[in-house]
Every structure is written in structure tokens, then in C-alpha cells.
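Okay, so chain A shows up in both of these, paired with chain B first and chain C after.
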Partner chain A sequence: MPTARTQDLMRFLAERFPLEKFSFRSLVQKKEVPLHKMAWAYYLGGLALFCFFIQLSTGLLLLFYYEPTVSDAHASVEFITHNVSGGALIRNLHTWSSSAMILFVLAHLVTTFAMKAFEKPREMTWISGVVLLLLTFAFGFTGYLLPWHQIAVNATKVGLQSIEEAGRYLPGELGKLPGQIKELIQGEQSVGQATLSRFYALHVVILPFTLCALLGFHLLSVQLHGMSQGVDKATNKTEAFFPFFLLKDFSLWGIGFLVMFVLALCLPFESFFSFPLFQPFDPLGSTPEGIKPEWYFFFVYYPLELLPFWFIMLASTVALGGLFMTPWLFRPANRRTLAFLACAAALYLIVMTVFGQNIYALFKGSQ
Partner chain B sequence: MALRVAILFGVAALAGRGAHAYPEFQRYSQQVSGRFVNCAMCHVHPDGPIGLKPGQIGKLTPAELGQLNSARGAFLPGQDVMNPILNEFGNALLKKLGKKRILELRLQPDQLADAYGYESDIDGDGVPDAHEFLQGTDPVDPQNGAPWALFTHNLRRYAFPHLFLLVTATALGLFGMNNLLKWFHQTMDKGSPEPGATGTKH
Partner chain C sequence: MFDVFFFVGLPYIAVFTMVAGTIYRFRKDRLGVSSLSSQFLESKALLWGSVPWHIGIAVVFLGHLIPLLAPGVWQALVARRAFLITIETLGSCAASLCLVGLVILAIRRFASSKLQTVTTAMDLVVVNLLIAQVVLGLGVATAHRWGAVWSTGTTTPYLWSLLRFNPDVSYVAELPALVRVHLVGAFVVFLLVPFSRLVHMFSLPLEYLFRPPQKVVWANPRRLLHAHAAVAAMESRRLFLKASFGLAGAGALLSVGVFDKFLGFFRGPRMTPDEEAKLLKTRLDRLQLTVEERELELERIRSEQIFVAKVGELSPKDGKYFIDYKMRPALAFRDEQGLPRLISAKCTHLGCTVASSVDSTNRLLCPCHMSYFDVKSGAPLEGSPAKAPLPLLGWILVDPNGKTVASQGPDGKLEGKPDPATLDVCSVYIAKQYEEA
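Right, the complex of A and B next:
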């Protein structure tokens, strides 16, 4: 005889994973997409998925030449860029699409929040989406080290140092945990071969498999529940997911690919940075100026440079906890309030990403 | 073996005396461009010519030390020398201007670009070396340059056939997709008992 708690759990799971909808008819033939002023936001998740496909295909091609050793990693990346036919294009496509993927994932999260798409019964879809966002950041962090150039190694050192520093603010034995996590990731005293091997394993095996599994769960969940209503006043205008929405999605993918291909062909990502940052890392040499993480970490990097560490740690913990608890914390909120909060979050992300350096210079004098 | 190493280091140390990078140019490039620049703009090693690492004087073979001394004597422009501590841009500067003129320009680093001229583009990225010097970018790396200059140059460079074919393929794909959508609309509207009902109205 199942207890009341077990029954509650079974009911919860049955509502989140309605197996009766697990049919071709329900998942494909009957699926409808609402049409309203925010309907464009339904395409953002698909664009992020498309960028992931580009990441997979270009990443696989890069694997043919990349060598994950501290002595050869940089030279192999240089070889890809300068000697392999189409190597520079593939590498630039990998870099541009990684940035685009993070951009679309963030935009997808913000718009999903504004549209209250986390409402019951979509809590698990939301949570899996937040984990996917974190995995995407992990992809960025681990991939950044692989070329083994100055900015890669030094920025990774700074990132790992931040993890260890968190231990200073934790009580008792708990304070040792961040240091142990750092050691686990780093694998040796300083960032070296063990770190590169671990980041490589994470970037090309562990994270892709984890992401694929979670992505499968996320997409299945989306298909089972259908697209969320999206606006406060329900619309009776809809279009069939198959074929209309899907074909429009593919059209957008085509345009997205065109834009990324042109950027990859004509505008090397590295051209935005000072060239000494891309010289091979030399542990005994001088460290060039301008070491900083990828642009998508600026929203936490610049505040970290300006404000006390404990404050950023506290704010990050609250923000992350809030993200996971969103379906319950914001259950009573209407979409107008959510849209306001989403706009504020987007504004913060844009301002810190675009003007973070200026804000830093304003308070600290110079970069 | 130990004796050979000692002699080699001794020669290297002697050759190193009086060998200086010219930081005036580096400082000027950094100042006008706002980008961080290091010795690798003209030298093989990013930390400059003095030291024991690859591309530095202490690491040169006797033959390379001979080349270094010949290059140091190239006071007049046009001499066909190859300084092993300099990269292609550094050597091109030496060949074009001669060491005497380079030493003079140390007092007026703002005139280096004009003196060198804007014809040479060693890495073939469409940005002349002199502009790369002024913009603080790497004159020997086609992946590094002022973003807008690189973008416009590469757009022109790859306009045909690469970009033309890509844009044509995308346009044809979108055209086909659009027609497919129209066909689906027509088919579904014909099959639907109530045209405009949920699921087919747009």
C-alpha cells in the first residue's frame, strides 16, 4: 500500500511526464505553437540547439589535429589555423558558434522567464534548462584552456583561484571543500598537463555526453507539454509545430549559419584581442597585460574585480538558488512583473558585458 | 661537451652585450593603438632578444650568431641580411630602412610607419604592416588585425566564389522552404473542413 508521500510523488511525476502523450500523434501531429507578440522567443531554444550542432561538427573536425599536451597544444592549434585546409574557418566557426550558443541560451532563459514558461507542469523543463546553461558555461570554461596560450592559461588560473578563495568564507571543515574541488579540477600544484588532460576529457567527452542526455530530457519535456502559453491573455491563434514551426525554425538556422559562416570566414575572433595574449603560454616568461575571461563571464568577472569577494559569492549563490527555485518562487507573479525582472536581468548582462571594462576603469582608474 | 656549452654561452653572452630591443617603437604602438604590444611585433621571442629561450641570443647557434653580426652591420637600407632574433617584420624593417635610420627613428617613433611605407603586407591579411604597427596588431599573423579592416578586406577577398555560392545556396534553401510551407498551407487548407480553424490559421 503506497504511503501518501509516495502517492504525491507519483502524482507529481505523472503530471510532469504524461506518458499518455508519448505518441507520434501527440508529440508531432497534434503539437501547436501559440502565435502572439512574443512568439519569436520560441525560436531561441532551436537556435541554441543549432549552435550546439555546429559545435559538435566543428569540434569533431578539430579533434583530428588537436594534441592535448602542454608541449604541443598551442603548436597544433597554430597548425590547424595556418596549415590545414579550411582549418582557420573551422576553428573560427567553432569559436563564433560557441559565443552564439551562449548568447542564445541566455536569451532563451531570459525570455522563457518573462513568458512564465516555468509554470506547472514545466518545472522540470526549467530546471533542466538551468543545468544546460551551467553546462554551456562549463563548455566555455574548459574549451578556453585548450589552445594553451597566454590568456587561456592565465584566465584559467584566475578562475580556479576564485574557487579556492571561496573556502575562506565557509565555516569549519566546509572551508576545505572549494580547495579540494580546485585540486580535483586542476590535478596538480599549478595549471599544467594534468589540468589540460582533465579539461580536454571534460570538454570533448564528459560534457558533450552529459549535455546530450540532458538535452534529450529537456526536448522530450518540451514536446510532452507543448509550448507554454507565453502571454497573460491566452491566444486562440496557433500554428502546427509540424511542419510550419519546424520549417520556419530550419529557415532561421539557415540564416544563422550564413551569418556565422561569414563571420568565421571574414572576422577571426582573435582579432578583437591583443596579439601577445595568443602566444604560447610560458611559465617562466612575462605575463601579458589584458588577461581576462571570455566575454560571457564578464557579468561576474568585473563585479568580482570591483566588489568584495564574499559579496559576489553570496550574490551568486542567491542568484543560482533563485534560478533553480524560480518555478516556486515566482509562481504567483504575473507576466508583466516577470517581464520587468527579465528586462532588468538582460540590461545588467548587456551593460556588464559591453561596458564592464569602462565601469572598472571608472572606479579603479585604469584597466 | 661541457666545454662546448660553456663556449657557446660565452659567445652568446658577448654577442648579447649591446643588443637591445627598441622599446620606443613598442611604447608608441601601444600608445596610439590602445592595445597591449610586446617584443613579438618585431622579434622572434615575445620577451625580446636577450635570454636563453628559442629565438633569443643565448640560444643561437654559431652560424646564427654570424648572421646576427652581419645584420648588425647593415646600417644602410637594401642589404640582404637575415637577423635570427627578428621576425619577418623586424627583418623587413631592417632591410627597408637600414639600422642607421632605425636608430634615428627611435627619437621619432611616430615617423616609423611613414618611413617604412604602406605597401608591404607580410601576412597578406589586407592590412599593410605599417598600419598594423599603428593599430598594435601582429604584422605576421593573418588572424590578427584591426577587426573592421580585416572584415572588409576578407569580404572582398572571399566575395566570389565563396560568399556568392553561400548566399545563393542559403537564398535557394529559403526559397524552397518558403514554397514548401505554402504547399503545406494549401494542402492542409484543402483537407480542413473548417478553413481558418485552430492549427491552420496564421
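Right, the complex of A and C next:
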């Protein structure tokens, strides 16, 4: 006879993973998507997924020519861009779609929060989503280094150095720990071949496999539980997942692809930066001006520049902990409150990303 | 004289007659501008004759019209072998389709006694003329190949000279007889348009392609219900067909583009020797840089002392970059006493490399986050993101005879006193002994 605790655990698992619904009938034929004023948000996760597909296919193509060594990485990227037929297009598509993926993942996070999609029994879906978000950022961070140009290497250095910074707030011998963690990540004393090799391994093998596995779990639980009701007063207006919702999903993917394809064809992502930043990394020269992380790190980068480091550490720990604990922290909240919080978060992200530079100049002076 | 009649007079007469005659027929009897239908009398052979003929002639007509209207574009297109072969194959297939259709139509006219009663002499002239014209065209395509290319320098400028009312027969004077007969045949066809069933080409019922379907039913309540269902089904089928055509077209375009790009991607670039040499040179240079860096690393593991510069090469304003024992960048200056001053160039904020020259107030700048450091002490200035000073490095001064004349530890303690006279030729070294364990 199982104990009460075991029974509780069994019940918990049975509610989160209703595998009796794992049938063609309930996953495809019976699934309904609610229709209400927030229904557009049901498409954001799909768009992020689509971007991941683009990343996967263009990334595989780039693998044909990319060489992960400090002497050849930059030359091989230039070779792809200038010599290989369609190479520039594929590389641009990879960069544009990476940005789009981050954008859609963030939008998906904010909207699912506002729609309270983390409510029981969907806690595990939410948590896997948060991990997927972190993985996506890890993709961005590791992939940024691979072209091995000035901005790539220097931005990576800056990013890794901020880990070491944390050591100043730890007592005694513990203060050395972040420095050691940093060296563990970069593989040697400064960013070099060892860093490139492991970032390459992470970006190309480890992260994709992890992400695929977790994505499978995430999507399966979404399908098992169905779409969350999304609004406080459940509507009885729905549409069939198959074929109507799926067709709309696909047509959005088509539009998204067209937009990204045209962007990739007409506007290299690099055109937003000045040229010297794309020269090969020179370990003996000075750091060029204008080193910045990718735009999707601005929301933590500019505060890091302006506020004391301990505050950022504290705030990001609280924020991350909050994200993981959301299903339990916000259990009693209604969707009005959640939408308000989500709007505030979105506002913060947008303002910091778009006007971060101006805010920085405002407080620090442009010197 | 002969040329002037067939290639200047005839075309103008033909086109003028066609335009004037057609307008006349439209004005005189609008409903008569058609090909008198014989579908009621015979429909089976008509289907197998008329449909291939019209599909074929539409393609062939476009194949003649586009090069005429956009000669530049056309020339660029046919310069590509794949396009040329495709277009010639397509044209020949369409012409064969025309021929099959016309022959069936001609046989039909001769074979059916019902049809013979409504067939005029002009109908027979037209069908035979068209057969001759198609045979001639196919003959040109096979006997004088790649007409899509050579026409751009011959018939196209000739036709344009006609259109500009500045006829120039020299373009066609030297052409093979087959081509010239084909041209004359075309003008005769134009000439016959207003006098024959050919006039129906100007009353093409294009709106039939787009108007909603109609179904004629008896007005009877029971049948009406069925009719509604039938119309709905027809409408839905039309929508489905339209969507399928759209998707198939888009898919075909997409796959052409994708294959064109991606096959090239897999095939890899085909570079000229020049490009190849340039690429190899770049790669060798990069390898060279890596080799140098690795050598520096090796030197730092093996040697007790590492040469930085001669004292004379150093200046108080513009620092010289070198690499310290931990492979980090550092800067060498000359201080007020004329002695070396070595300072780490790795910003203590987030590890960027600081710029090498000092400004008017003796400050070093890290460009990443605008940290300023005092060059004497390495201390960060008020308001800089960096809080810790740039560490000073110890050095050893060796005179040209290899004798150590002075040294300074990282703590700034000076030992020995160099002779100012030979100071400039002394060498500055960094030493392993000054590295903290």
C-alpha cells in the first residue's frame, strides 16, 4: 500500500502529465483554441518555434564552411559571405532569425504571463519555457563569439568579466570562486582558442540537443493540456486546432519567412555597426570603440553600466527566481494584475533596448 | 525591289488592313466578330484540335512577343545556357502542340459532311496557311538553331525599324530563305485577319475566367435546392483550384530559387586564380598572426626575462603595447626621470584593452565604458566604472653589455642607478621574478 506522500506524488504527476490524452483523437481531432481578445498571443510561441527551425537549417548550412579556430574562423566567415553562392543570404538569415527568435520568445513569455498560462496544471510547461528562454540567450551569447571579429571577442570578454566582478562581494577565499568559474567557462586565462572551441561545441551540439529535448517536452505538454483559457471569463467561442488554427499558424510562418528573407537579402545585420568592429580580432591591439553586446542583452547591459554591481546581481537573482517560482507566487493573482505587470515588464524591456544608449548618455554624460 | 515589297510594303499593308478592317467589322457587326462555332455539329475532334492549338499558339505567341518588347532583358536571359535550352524546348513543344491541333482541325473540316456545309473557302485557306506557318517555324527552329539568340540581332531590330517607320531591310536581307518565308507568311496571316475567322482573336472573352460560375436550371422548388448545393460545390471547387494554382506557383518559384541558391551553396564557389590567391594570402597572414601569438606564449613559459623595448624608443605620451607574462596586454611609457614605466593595459572594470596614448592631463582611456586612469599611479579617476587601479609592472634595465643596471619591482621600489648617458640604448625587460605566484 503506497504511503500518503507517494500517493500525493502520483496525483501530482498524473495531473501534470495526463498521458491518457496522448492520442490522435485528443491531440489533433478534439483540440480547440479559445477565441478572445488575447487570442493573437497563441501564435507567438509558434513563431519562436519557426525561427528555431530557420536557425537549425541555416546553421547546418553554415557548418559546411565554418572553421572554429582562432586563425581561420574570421576568414571562413568572410569566405561564406563573399565567395560561397548564397552564403551571405544564409548567414544574414541566421542573424536576423536569431534576433527574431529572441524577440518572439520574450513576447511569448510576457504574454503567457499576462494570460496566466502557468496556472495549474501547467506549471511544468512554464518552467520548461523559462529554461528554454535561458537556452535561447545562451545560444545568442555563444553564437556571437563565433565570427571572431573585434566586437564578438571583446563583447564576450566583457560578458564573461562581469562574472568575475561578483567576486568582490563574496567574503575571503570565496571571492576567488567567480574568477574560477569564469576561467572554467572560457577554458583558459583569457578568451582564446579554448573558448572558441567550447563555445562552438555548445552552440552547435550541446545547446541544440538540449533545446530540442526540452522543446519536445514543452510542446507535448502544451498539446496534452490544450491552450489555456487566457482570459478571466472563459469564452465558449473556440476554433478547431486542426486545421484552422494550424493553417493560420502556417500562414504567419510564411509571412514571417518572407519578411526575414527580404531583410536578409537587402540588409546585412552588420550594417548597423561601424566597420572596424568587423575586422579580425587582434589580441595585441587596443579595444575599438563602440563595443556593445547584442541588442537583446541591453536590458541588463545598460543597468549594469549605470547601477552598482551588487544591485544588478540582486535584481537579476530575484528576477530569475521569480520567473521560476511564477506558478506559485502568482497563483492568487487575477489576469488584470498580471497584465499590468506584464505591460510594465514589456515597457522596461522596450525602453531599455531602444533608449538604453540615451539613458546611459543622460546619466553619464557623453564625454 | 523584291525585298522592298515583301519586307516593307507587305507588312505595312498587312498591319494597316488588319487594324482598319477589324475596326470596320466591329463597327458594322459587333456580334459577327467571332469564329462561327461548329461545336453543335461536331464536338469531339474540336476538343482535341482546338485546345492544343490554342494553348500552343498562346505560348508561341508570347515567345515571339517578349523578345520584341524587351530585347535587352531577353538578350540577358538567353545568354544563360540553361534558360536558352529551356525556352527553345518549350517553344518547340508548343509548336508541335499547335501542329497536332491544326492537323486535327483540318481533318475534321474535310472529314465531316455536316461541317462541310458551313465551311467557307476562307476557313480552308486559313487552316492550311496556319499549318504551313507552324511547319515553317518548326523548320526554322530545327534547321537554324538557337533562334532565340540570333533573332536578337536580326529580326528584332528589323521589326523595330518597321515600328519606328524607318524600315531597314538589311537586317533580313541575308537571312536563310526558310526564315524569310516564315516572316512573309506571318504578314499574310495579319493581312487575312479581318477577312476571316481569325478576327475572333480580338473578341477574347477573358472575363469568363473570372466571373462566378452560372448554372442553368428549371425553376422548380425541388431542383432549386439541388441547384444551390451544386453552385456552392462549384464555387468551392473554383476557390480550391485557385488556391492550388497559387500555392503550386509559389511553390514552384520558391523551389527554383532555393535550388538555384542551395545547389550553388553545396557546390562551393568557383573562384578565379586571382581570388583564390587573395584568399590564400589572407589565410596565411592570419595563420602567421596565430603563430606569432603562440611563440609569445612559449617565450613566456620558458624565459626568465622578456624584452620589451629600448628605453630610447619609449615616449611619455604614446605607449607601446606589449604582452605581459600572463598574456595580457600592457603598455610601456617613459616617465619624467627618463625611466621606463610599465602599466597593465587590461581595464580593471570588464577587461577591455585601454587605448595606448595619454591625453593632455596624463589620463589613459578605456574605450569600452569610458574609464579614465592616471598614467602615473594607474588609479582610476573619480566617476569611472573601474574601481581598481591598473597595476604597475616591474622591469629590469640591461645595458648593451648585458649588465643589469637597474630594476624596479611592481611595488615601485627602484634599485640601482642607470647612467643617463647610455640610458637610451639600454633595454627594458619584464621579469618572471616580479610575477606573483
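The rule is simple: the second predicted complex is superposed on the first by the 358 of 367 C-alpha atoms of A that agree within 3 Å, B and C clash if a C-alpha of one lies under 4 Å from a C-alpha of the other, contacts with A are read in each partner's own complex, and residues count from 1 in each chain.
Note that a residue touches a chain if its C-beta (ideal position, glycine included) is under 8 Å from a C-beta of that chain, and two chains touch if they have at least 3 such contacts.
From a predicted model like this one, the values you see are computed outputs, not experimental measurements.
Visitor: So, A:Phe64: does it touch chain B (first), chain C (second), both, or neither?
Guide: After superposition on chain A, A:Phe64 lies in contact with chain C alone.
Visitor: Mind working out whether A:Leu265 is in touch with chain B, chain C, both or neither, as first, second, both or neither?
Guide: first
Visitor: One more residue to check, A:Ile255. First (chain B), second (chain C), both or neither?
Guide: The first partner, chain B, only.
Visitor: Who does A:Leu35 touch here: chain B (first), chain C (second), both, or neither?
Guide: Only chain B is touched by A:Leu35; chain C is not.
Visitor: Tell me the contact category for A:Thr136 with respect to chain B and chain C: first, second, both or neither.
Guide: After superposing on A, A:Thr136 lies clear of both chain B and chain C.
Visitor: Quick check for you: in the superposed arrangement, does A:Thr112 touch first (chain B), second (chain C), both or neither?
Guide: A:Thr112: touches no partner chain.
Visitor: Identify the partner contact of A:Pro288: answer first if only chain B is touched, second if only chain C is, both if each is, neither if none is.
Guide: Both partners, chain B and chain C.
Visitor: Between chain B and chain C, whom does A:Asp72 touch in the aligned arrangement: first, second, both, or neither?
Guide: second
Visitor: Just checking: does A:Asn83 make contact with chain B only, chain C only, both, or neither of them? Give me first, second, both or neither.
Guide: second
Visitor: Just which bits of chain A does chain B share with chain C as contact spots?
Guide: The overlap between the chain B and chain C interfaces on chain A comprises residues 282, 285-286, 288-290.
Visitor: Of all residues in chain A, which touch chain C in the complex?
Guide: Those residues of chain A that touch chain C are 61, 64, 69-72, 74-75, 78-79, 83-87, 89-90, 154, 157-158, 160-162, 165, 189-190, 280, 282-291, 305, 364, 367.
Visitor: Give every residue of chain A touching chain B within the complex, in rising order.
Guide: The touching residues are 32, 35, 81, 88, 236-240, 243-244, 247-248, 250-251, 254-255, 257-258, 261-262, 265-268, 270-272, 274-279, 282, 285-286, 288-290.
Visitor: Any idea which chain B residues touch chain A in the complex?
Guide: Spelled out, the residues of chain B in touch with chain A are 35-38, 40-41, 46-47, 53, 136-138, 141, 143-147, 150-151, 154-155, 158, 162-163, 166-167, 170, 173-174, 177-178, 180-181, 184-185, 188, 198-202.
Visitor: Can you list the residues on chain C that touch chain A in the complex?
Guide: 261-262, 264-269, 271, 275, 279, 282-283, 286-287, 289-290, 293, 321, 323, 326-329, 345, 349-356, 366-370, 385
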